[in-house]
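A single structure is presented below for examination.
Lettered A, B, C, D, E and F in written order, each chain numbered from 1.
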Amino acid sequence: MSTLRPATVRPVEEAEATGKVAEIFADIKQTKQIDFVPNMWRVLATNPLQLELVWNTLKPLMHPEAVGRTPALPPQTREIIALAVSATNGCRYCVNSHTTAVKKLGLSNEALGEVMAIVGLFNMTNKLADGYQIEPDVLPPLE
Amino acid sequence: MSTLRPATVRPVEEAEATGKVAEIFADIKQTKQIDFVPNMWRVLATNPLQLELVWNTLKPLMHPEAVGRTPALPPQTREIIALAVSATNGCRYCVNSHTTAVKKLGLSNEALGEVMAIVGLFNMTNKLADGYQIEPDVLPPLE
Amino acid sequence: MSTLRPATVRPVEEAEATGKVAEIFADIKQTKQIDFVPNMWRVLATNPLQLELVWNTLKPLMHPEAVGRTPALPPQTREIIALAVSATNGCRYCVNSHTTAVKKLGLSNEALGEVMAIVGLFNMTNKLADGYQIEPDVLPPLE
Amino acid sequence: MSTLRPATVRPVEEAEATGKVAEIFADIKQTKQIDFVPNMWRVLATNPLQLELVWNTLKPLMHPEAVGRTPALPPQTREIIALAVSATNGCRYCVNSHTTAVKKLGLSNEALGEVMAIVGLFNMTNKLADGYQIEPDVLPPLE
Amino acid sequence: MSTLRPATVRPVEEAEATGKVAEIFADIKQTKQIDFVPNMWRVLATNPLQLELVWNTLKPLMHPEAVGRTPALPPQTREIIALAVSATNGCRYCVNSHTTAVKKLGLSNEALGEVMAIVGLFNMTNKLADGYQIEPDVLPPLE
Amino acid sequence: MSTLRPATVRPVEEAEATGKVAEIFADIKQTKQIDFVPNMWRVLATNPLQLELVWNTLKPLMHPEAVGRTPALPPQTREIIALAVSATNGCRYCVNSHTTAVKKLGLSNEALGEVMAIVGLFNMTNKLADGYQIEPDVLPPLE
């Protein structure tokens, strides 16, 4: 319906997926409890190895319960990291996707504002530290 | 002792600070419960307005208790955002400073590994989304 | 009128602003001598503290006359820095906003070309310096 | 004397430069009125075409008087752009080099603080604009 | 036909180009064997010096045959570098342009997937190395 | 011997590695045909899952022969992509590591100069395209 291209390659349709791609598409929908395959995964599927490697990295980190792992961080914190990275990188698809995800996990718009304010603040201080090439303070011994 | 310069400008010594700079240095030490002024703030003090603006932005966001504000996010999550931003930007001073801070707040090296793995993961997916110019999925209505 | 969402959150309408948000909206319009509140500030207003912190940082730096401060740099140079940063970061909203601003301050398209050519040049040399990990030249003593 | 490598390749010594490289080295020293060839150019000289292309781009933009060109921007503004880009990119060599240059052109440490504060500010707002995916305000017609 | 502005400045039409701009437009079309001037060059032409400097840098590197130079790298590898840089920077125009170019040079969508997977991978490891501030391994002597 | 910390965490020594970490360390040494474990992997090992996920992504992409896969790109091109990404990101560890790797694969310093010149060029054009917000040229139909 849009005049924008969905990507620089034609995303793989769910109906045309076979073999490993079809399996991963099914796993994505079940693990994420959604009834469609997001554009990201349909695009990665144009190279099945790529699809597999990215999913195999994301699944245990972001859906630890699906692999029987006990995570160190709660789900909302994990998605907030994803959003902080995406905002810092200015990635349009990712900001949209992870904002939707943090809201699903209960973050209000005002709390989102706190996340963004902190992201903005440290982008400012990062550039000040780099812009002056400030040396680290005396460092504590490594443990 | 080091042959590295501490910065591209000479940081203001605590002993030579006067007026507003001295006040802010004292506030930083008290608010952060530390007994020295980190290099960052000593460098910003070469322009007192700059010191004031950055501190006035950081203090209510990262030390909300000092201004009687109830934050939306717990302290460790706020520092994790700072670290995720700093790692994404590759800021040396900031990575050192915020790693020290999250450890002080109780994050183990293994949990730090989970933070970094998630930061790394989404830097990967961000570049894949941008590298293919993937369009956002159908968007939920705004609230 | 557009099918693009204005942001990942619904911007606060001027008509619905109250209290501190309404005050800052009024101050923005008066300080910037404009008759509408730009999308940026309407979005930041979804978290009033965020709105306040960003405005309190931007106002004295970019509108020093409004706070009785004598700036070190002329207005056009300050906006050129804003544009150079925004181009380097590839920030769409910011490039549009700061290009409009530098043109209002009298920069011709040809002079804008000089700004951009210099921005492009140093993005090239930055990556060459980093790509070879070139050490700084002998450094002058700090003053 | 340092244990740090000067770069990932061995910089070309002035004494060993011949042909086009020697000519460009001489032109750099004369144009910049310095008595040594900075590390940057000695490293680029490991591929003479690279040296030539970068110098041919930088010379007319940053030393317009040497090619009889009337620039749109004054020298200090041009160097401030270089520094703003370098701080935003966090490029160590470049920050050191362009800070030295703006100081040579008369910028005080306090004025440098204003530059940095503005660079920091817009890195913050850039990330807020991207982090919320804020749409540009209504755009003025192109001229 | 689109409601999107083509750029923040009005691109120079081929029909209105004169002098050096017209010459470079003709050279671009002949060198690239295309029958139109891409938006990029039409925008750069708003400052003729800028157009000239960028074209004079790009032509010998990306079209070495046009200047009688023997390149070190084959054409597809050169375009893959362009795409890897553009994906890492998230540059929309550039990703579209260089994806078109690598496909013209025979890269299949599956091979493009390998390029992107490698780009994504090293963006991940880059941020891990920076996020932990990992020191370089023992370095081989410079040649 | 250095006063620099090797990282913000203590890298795992080869001698203290057990279980899955020891297995991966052995696989890294055998696959890469080296007799030590680079700092990168020793640091990632502070969280064994992280070590596993990164190695499982890197191994099939960069050492396809070790998993019986036929790659689309030759080894030198793959390492050149790694270096182009690392230079663009300014990642110190990564630039050192991938420069060593491309040299091992036979790239001369002059050819490295061609890689860097192309990396620099497209970082320049990327920022020009973003700095002017140039719209993509008419797009070819997707295949």
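Everything below uses one rule, namely that a residue touches a chain if its C-beta (ideal position, glycine included) is under 8 Å from a C-beta of that chain, and two chains touch if they have at least 3 such contacts.
Everything numeric here is computed off the predicted structure, so don't read it as measured data.
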For chain B and chain C, chains touching each: A, D, E, F
Of A-E and B-E, whichever chain pair has more C-beta contact pairs: B-E
Angle (degrees, nearest 5) of the CA superposition of chain A onto chain C: 120
Chain B and chain D, separation of their C-alpha mean positions in angstrom: 27
Centroid distance [mean C-alpha coordinates] between chain E and chain D, Å: 21
Between chain A and chain D, centroid-to-centroid distance (C-alpha), Å: 35
Residues within chain B bordering two or more other chains: 2, 5-10, 44, 49, 53-54, 57, 61, 86, 88-92, 95-96, 109-111, 114, 116-117, 119-121, 123-128, 130, 132-133, 139, 143
Contact graph of the chains (line, ring, star, complete, other): complete
Contact set on chain E toward chain A in their complex: 2, 90, 95-96, 99, 109-110, 112-114, 116-117, 120-121
Residue ranges of chain A touching chain E (in the complex, touch as defined): 3, 8-10, 44, 46-47, 49-50, 53-54, 89-91
Chain D residues within the chain A interface of the complex: 83, 86-88, 90, 92, 95-96, 116-117, 119-121, 123-128, 130-133
Touching residues on chain B, where the partner in the complex is chain A: 2, 4-9, 36, 38-40, 43-44, 54, 57-58, 61-62, 71-73, 77-78, 80-82, 84-86, 88-89, 91-94, 96-98, 100, 103, 108-111, 114-115, 117-119, 121-130, 132-137, 139-140, 143
Residues on chain A engaged by chain F in the complex (per definition of touch): 5, 7-10, 49, 53, 56-57, 60-61, 69, 139, 142-143
